[in-house]
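Let me begin by handing over the structure; questions about it come next.
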Amino acid sequence: MKILMTGASGGIGTRLRELLPPIYPDLVLSDLTPPPNLKPNENFKQADLADLAAVEAICEGVDGILHFGGFSVEGPWDTILQANIIGGYNLFEAARKKGVKRIIFASSNHAVGFYPRHSKIPPDVTARPDSRYGVSKVFGEAVGSLYADKYGLSVTCLRIGNFGDRPLDQRRLSIWLKPEDLVQLCQIGLEHPAIHFEVLYGASYNERAWWDNSRAYEFGYRPVGKAEDHREHAMAEQARMKPDPVGDFYQGGAFCSAEFAGDFSKVWEPK
Amino acid sequence: MKILMTGASGGIGTRLRELLPPIYPDLVLSDLTPPPNLKPNENFKQADLADLAAVEAICEGVDGILHFGGFSVEGPWDTILQANIIGGYNLFEAARKKGVKRIIFASSNHAVGFYPRHSKIPPDVTARPDSRYGVSKVFGEAVGSLYADKYGLSVTCLRIGNFGDRPLDQRRLSIWLKPEDLVQLCQIGLEHPAIHFEVLYGASYNERAWWDNSRAYEFGYRPVGKAEDHREHAMAEQARMKPDPVGDFYQGGAFCSAEFAGDFSKVWEPK
Amino acid sequence: MKILMTGASGGIGTRLRELLPPIYPDLVLSDLTPPPNLKPNENFKQADLADLAAVEAICEGVDGILHFGGFSVEGPWDTILQANIIGGYNLFEAARKKGVKRIIFASSNHAVGFYPRHSKIPPDVTARPDSRYGVSKVFGEAVGSLYADKYGLSVTCLRIGNFGDRPLDQRRLSIWLKPEDLVQLCQIGLEHPAIHFEVLYGASYNERAWWDNSRAYEFGYRPVGKAEDHREHAMAEQARMKPDPVGDFYQGGAFCSAEFAGDFSKVWEPK
Amino acid sequence: MKILMTGASGGIGTRLRELLPPIYPDLVLSDLTPPPNLKPNENFKQADLADLAAVEAICEGVDGILHFGGFSVEGPWDTILQANIIGGYNLFEAARKKGVKRIIFASSNHAVGFYPRHSKIPPDVTARPDSRYGVSKVFGEAVGSLYADKYGLSVTCLRIGNFGDRPLDQRRLSIWLKPEDLVQLCQIGLEHPAIHFEVLYGASYNERAWWDNSRAYEFGYRPVGKAEDHREHAMAEQARMKPDPVGDFYQGGAFCSAEFAGDFSKVWEPK
Amino acid sequence: MKILMTGASGGIGTRLRELLPPIYPDLVLSDLTPPPNLKPNENFKQADLADLAAVEAICEGVDGILHFGGFSVEGPWDTILQANIIGGYNLFEAARKKGVKRIIFASSNHAVGFYPRHSKIPPDVTARPDSRYGVSKVFGEAVGSLYADKYGLSVTCLRIGNFGDRPLDQRRLSIWLKPEDLVQLCQIGLEHPAIHFEVLYGASYNERAWWDNSRAYEFGYRPVGKAEDHREHAMAEQARMKPDPVGDFYQGGAFCSAEFAGDFSKVWEPK
Amino acid sequence: MKILMTGASGGIGTRLRELLPPIYPDLVLSDLTPPPNLKPNENFKQADLADLAAVEAICEGVDGILHFGGFSVEGPWDTILQANIIGGYNLFEAARKKGVKRIIFASSNHAVGFYPRHSKIPPDVTARPDSRYGVSKVFGEAVGSLYADKYGLSVTCLRIGNFGDRPLDQRRLSIWLKPEDLVQLCQIGLEHPAIHFEVLYGASYNERAWWDNSRAYEFGYRPVGKAEDHREHAMAEQARMKPDPVGDFYQGGAFCSAEFAGDFSKVWEPK
């Protein structure tokens, strides 16, 4: 399979450039700018997601896409609009035009970040984005659903938690995603014959998970990361952080408390 | 209350211009172009939703918004992008900046149009849009959720079925919305003290409903339209229509079959 | 089995005096005053439920109680308090003291009368009484639960719908209870070995039922009444009745609209 | 807001007299007898709940009621009847007559005490009271439901767990309610615009909770107490207590084992 | 694909011999005895399912099996044991040994025939067989589950309702399966890439269905039969049949009442 | 009550021979061969379950059966067929002929062994057997269901986890069954008046249980074993065991990995 990975110069992309080639040797990398440490045997093609023609060009002959491109944190509306809304639409539309059969869309826990931490949610819930970034992920999931139902693409949306070698604080104990486990999820999305349109959580085998990821297990996901193995380190890091009443209550953490002007503490606060 | 209604020159807006003034005399109408039959006592302000400054101007001093503006059927991506994506974001952002407290967002059954007719769905399901138009409605709901959770606005999304004086065919028997019932839903969204963020179905008291609208009933919705009273007319009209295997299977009807290239009949078709 | 039936002079009691003796020949009847047409072979014992000693006396040697006594419609608080609250407690306490093993308590649909007609409810829901009478039925169910859990009595609460030879109006099509079907439910309550504490709906096999009565079916209930067989008659009667917006919306009917001062139509009424 | 607190001389009332005045300075205290340490700036009005006229008098001009009055443990039927049944009815009826808009009713975990500890319950379950006291709480919730649905009062029932500065034994680790958290719940009941009729659990953020209290979180409840912080103390206290097979199995604890004559160990006991 | 159909001389097999060849030209027919009207271009191989070696022989080179063989009504234990238990095991074991990848197993509504007609069941329920025949179908489903989970076969169990050109009585209005719709289900089982182990109901688009078949719709099942189109005929036939209190109550009909010695009418019957 | 226990020479039977006589002194033991340490006061009757006449003979005059006989681990098909399929049928059929009223059938966790460990299952799920042995348990449960529904026997199926004096490894911490707790379950099955057909899990009060056993608690099950008390020992033993990726993922453990040829690791394995 010829696989295109967008966002190749970003955090996740950089790590997957190490892990994917043994599995998918015919890997095309793309981003706005090439990774600084690009190796000679790597196949990089520059493209701006906001440019449909450029995106079509990199989709040529591709069997499956790992779409990690776009703007990956909260940003101004115009940035999000260009990179994630227009860019996201272009990615799906270019794939359709070029006959790409499978797309793995990097959605985010921030698409549902305003769910409280005390609730455990499956994928099939009303979106509660915690940021303009999160809204753009809801948009991307919706485009993916349309392109699956109407045009027959196979689309897997991964609501990625916290990608990294170990969970960094208390919140991450619930949402950690070990890089090797993301690779598994990508393989499921690229190869599993049963995928039509799916939303899966991008999380390892975390005892304190906020998400019901049994749908991923049904597709054969067998994560090896266990956040609890890193509990002491994460709690020690947490102890150094300032309390954040809004961020500590919701799943989205600091994405929720940023710009927060809602009614979190309206009712019972002394007046 | 000073109420702003966008989309005042459209189908729904035209009808609500008759029904709303007795309830909300201080009504501001807006659209790209004025309604042809604008009456002297009506207060019209032109604005292009894609122009944030213009939208801010019409939000000045407003208490609540009925947002029926935007492009109301399937269209090319650029049209949908400008009118519904950028326009929808502008509406919420302008409202926030101008301190508008309540927004009723005209979402659509096409946000969930790819659910089959044999299933009955509550509001809290994964979106399955049936068109670029439907995707833009999912986007609008997501922005509404963000602006409620983060900025404290009260947001009501109405997934409107088929608005009109009577249901026009078999499909509409399940999704009909009598204009007087839409008025009720608007009042709930504008006045009910318990609304934080809600998705309600815009449908009358239809015996063959595909939607569980009990959440609306909890807020006091008491629809007076009953689609079944118009059954004979609707079925007679239906008999004149061509069969549409894809559209007849899904809730979204012809929005689903348009451009359809999916796998509706892949499995069992004679080869 | 020696069976005591309270409320023997009331509407249900009068009818059951005809139907029960072939099944339970050792039947003791009780009420405040004897039935006018008491037959020589009937065994009547007068008792006021508000008098604990009197209630204990009629419980002597009894194996099971059909408790249809008390005040059976809405009434002033003092009446309900004496007849149904104090009377209801006395009945359970006297039964406990005298070693009666089984009690069938005539609860009522009015214990849940403020559920809307569009919702279908199982027995296991929060009570929503529609009257002081309904509150007294919730109280009786709670006492029954306590006496089952703490003192080991077998208690069956029947939320009786509309008892009679045929359903009298549209509402009754959903809640009709044919007298022979009530007899079945009494037998289940008196004899079924599995009854610890149960709440069952007292309704026949009604196609338009608002209640999920599958628990009764599990105990072997096989109702023979089918409200739909009387549809034409009931709808003709309905056509003669005045509309009652509150009563027509809720399951409890006119019990809900009586004394109603709530917010049924607050939101959308023209001001 | 002018707030009336009944039961001002009881355990909860005594503590709330310290915590409420900064929030609700216009606080009227009431009880059968004045608190021994009544301060000059406190406003106390004596009243017997069993005396409707007296209760009406203290409701004069009041905006909201915190009803902690009545008999607060298991007692003889006549005591419960007067203080909690008749007294509870009088409280709601007096409030209605005097136009009080909001009532917070101190219900109790003993309204559902016969649920086993291994099950986790939401508010919307069949009541399973563990005592005459518990029955009176079910009665009070039912009256509250009626007065909300029929007369338009806003009613919040709090099923209070174990109120105190720290949890006293193993059972209390699951049901502890820190006084400051009760204050939050009272504020929600008195002020939240969305309250029509609600049953919430009066419990802090306890990891081993037996109750699903997400409804309270939806209304903005943000408890600060965490029972687990007191685990060692509670378990040490528990080790000094005698085993109580019945009480240790059910949520209601010793309220369940008192007077217990049921079938807890009938089946498998050696004969 | 080379497809083997067992039970080729039976009722279903006879009809499918007409419908399948246009879709699966390479069709091998098998049964204990050849169909009387075998055509020259049909490929028939005799085999006794109770003979493992014979079953292995007919599985040679086969890609998928439609297993309609075995005894298809209630029978003595030895008959069921040989044909359906031992024969069913042999079929799966032979397929495994010969590398057949896909099996469609003709299960039956009689595997769940003791569910009452008033309940609507999905596939995922405890089996309640109504006959020894029904037990053998539960066994076959269990073997299918094992061979899917352990040996990687793709297994589809069809709980077939009533196969035929139109529904024959009232019960069949709920469970009718039009032959063309069975063909669809077979194609899904043989070709759909997502099938690992599934239990689907073999029923057309019946308005009065007792089964929730949405799982089949998810795999693309689009039945064309509508039992309601034949309602008048079926009800007329029903009027000629004798009442069968046991059979009319349960889904399995006469399979339930045969040999019935249970407690259907124990409780309330006059003694 | 005269009780017959089959499998008296097996592991469970040997232990129950010590625990049952104080409760059921009239105990008949049966197996293929007598227990080596049979005591003079024990009543042993040899029988081969595959011989219907022999089974009928040992059922003579019996009130209830504890059926622990048959082959109790994975074995060749012919062994399972004779001992568990034919033997299981014979047991139920002999009991019916001889008028035995109650049967406790030793089913097994291996009837649902292919459920993953991360899911918590109630008894009412689709069987997912992990072995031919597990299939035979599904068969036995189905026969039990038929004999309860059709012939009126009272049947209790116990899906036994791991029977023994303490849990032996990590997996057993979730499924441990203390012998005294099995005795309780047997008593419930033999004596509880409410048992018609039930599937219960044979497990003690294990904190890490994979099964929802609340149905057993409703029948009065009050287990005394707590696996967590043995956690250190079990984890120490676990540390000595080899990893088993398939067995460690599914509830059935090594029964799942034996003969495993499925797709456990197909998707994401490096190629």
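Labels for the chains are A, B, C, D, E and F, by order of writing; each one numbers its residues from 1.
Note that in this section contacts are C-beta pairs under 8 Å (C-beta built on N, C-alpha and C of every residue); 3 or more make two chains touch, one makes a residue touch a chain.
In this text the structure is predicted, and so the values were computed from the model without any measurement.
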Subunit F and subunit E - chains in contact with each: A, C
Matching chain pair for C-E (criterion: over half of the contact pairs shared, by residue number), options D-F, E-F or C-D: D-F
Identity of the chain that, by mean CA position, is farthest from subunit D: E
Fraction-based call for subunit D against subunit C, same above half, different below: same
Where subunit B and subunit F are represented by their mean Cα positions, the distance between them in whole Å: 57
CA centroid of subunit A to CA centroid of subunit E, Å: 43
In subunit E, residues with contacts to at least two other chains: 196, 263
Chain contact topology (line, ring, star, complete or other): other
Chains touching one another, given as label pairs in label order: A-B, A-D, A-E, A-F, B-C, B-D, B-E, C-D, C-E, C-F, D-F, E-F
For the subunit D and subunit B complex, residues of the former touching the latter: 193-194, 196
Of subunit C, residues touching subunit B in the complex: 116, 118-119, 245, 249, 263-268, 270-271
Footprint of subunit C on subunit D - complex, ascending: 77, 81, 85-86, 89, 93, 114, 123-132, 134-135, 138-139, 141-143, 145-146, 148-152, 196, 199, 256, 259-263
Residue ranges of subunit E in contact with subunit B within the complex: 22-23, 183-184, 187-188, 191-192, 205, 214, 217, 219-220, 222
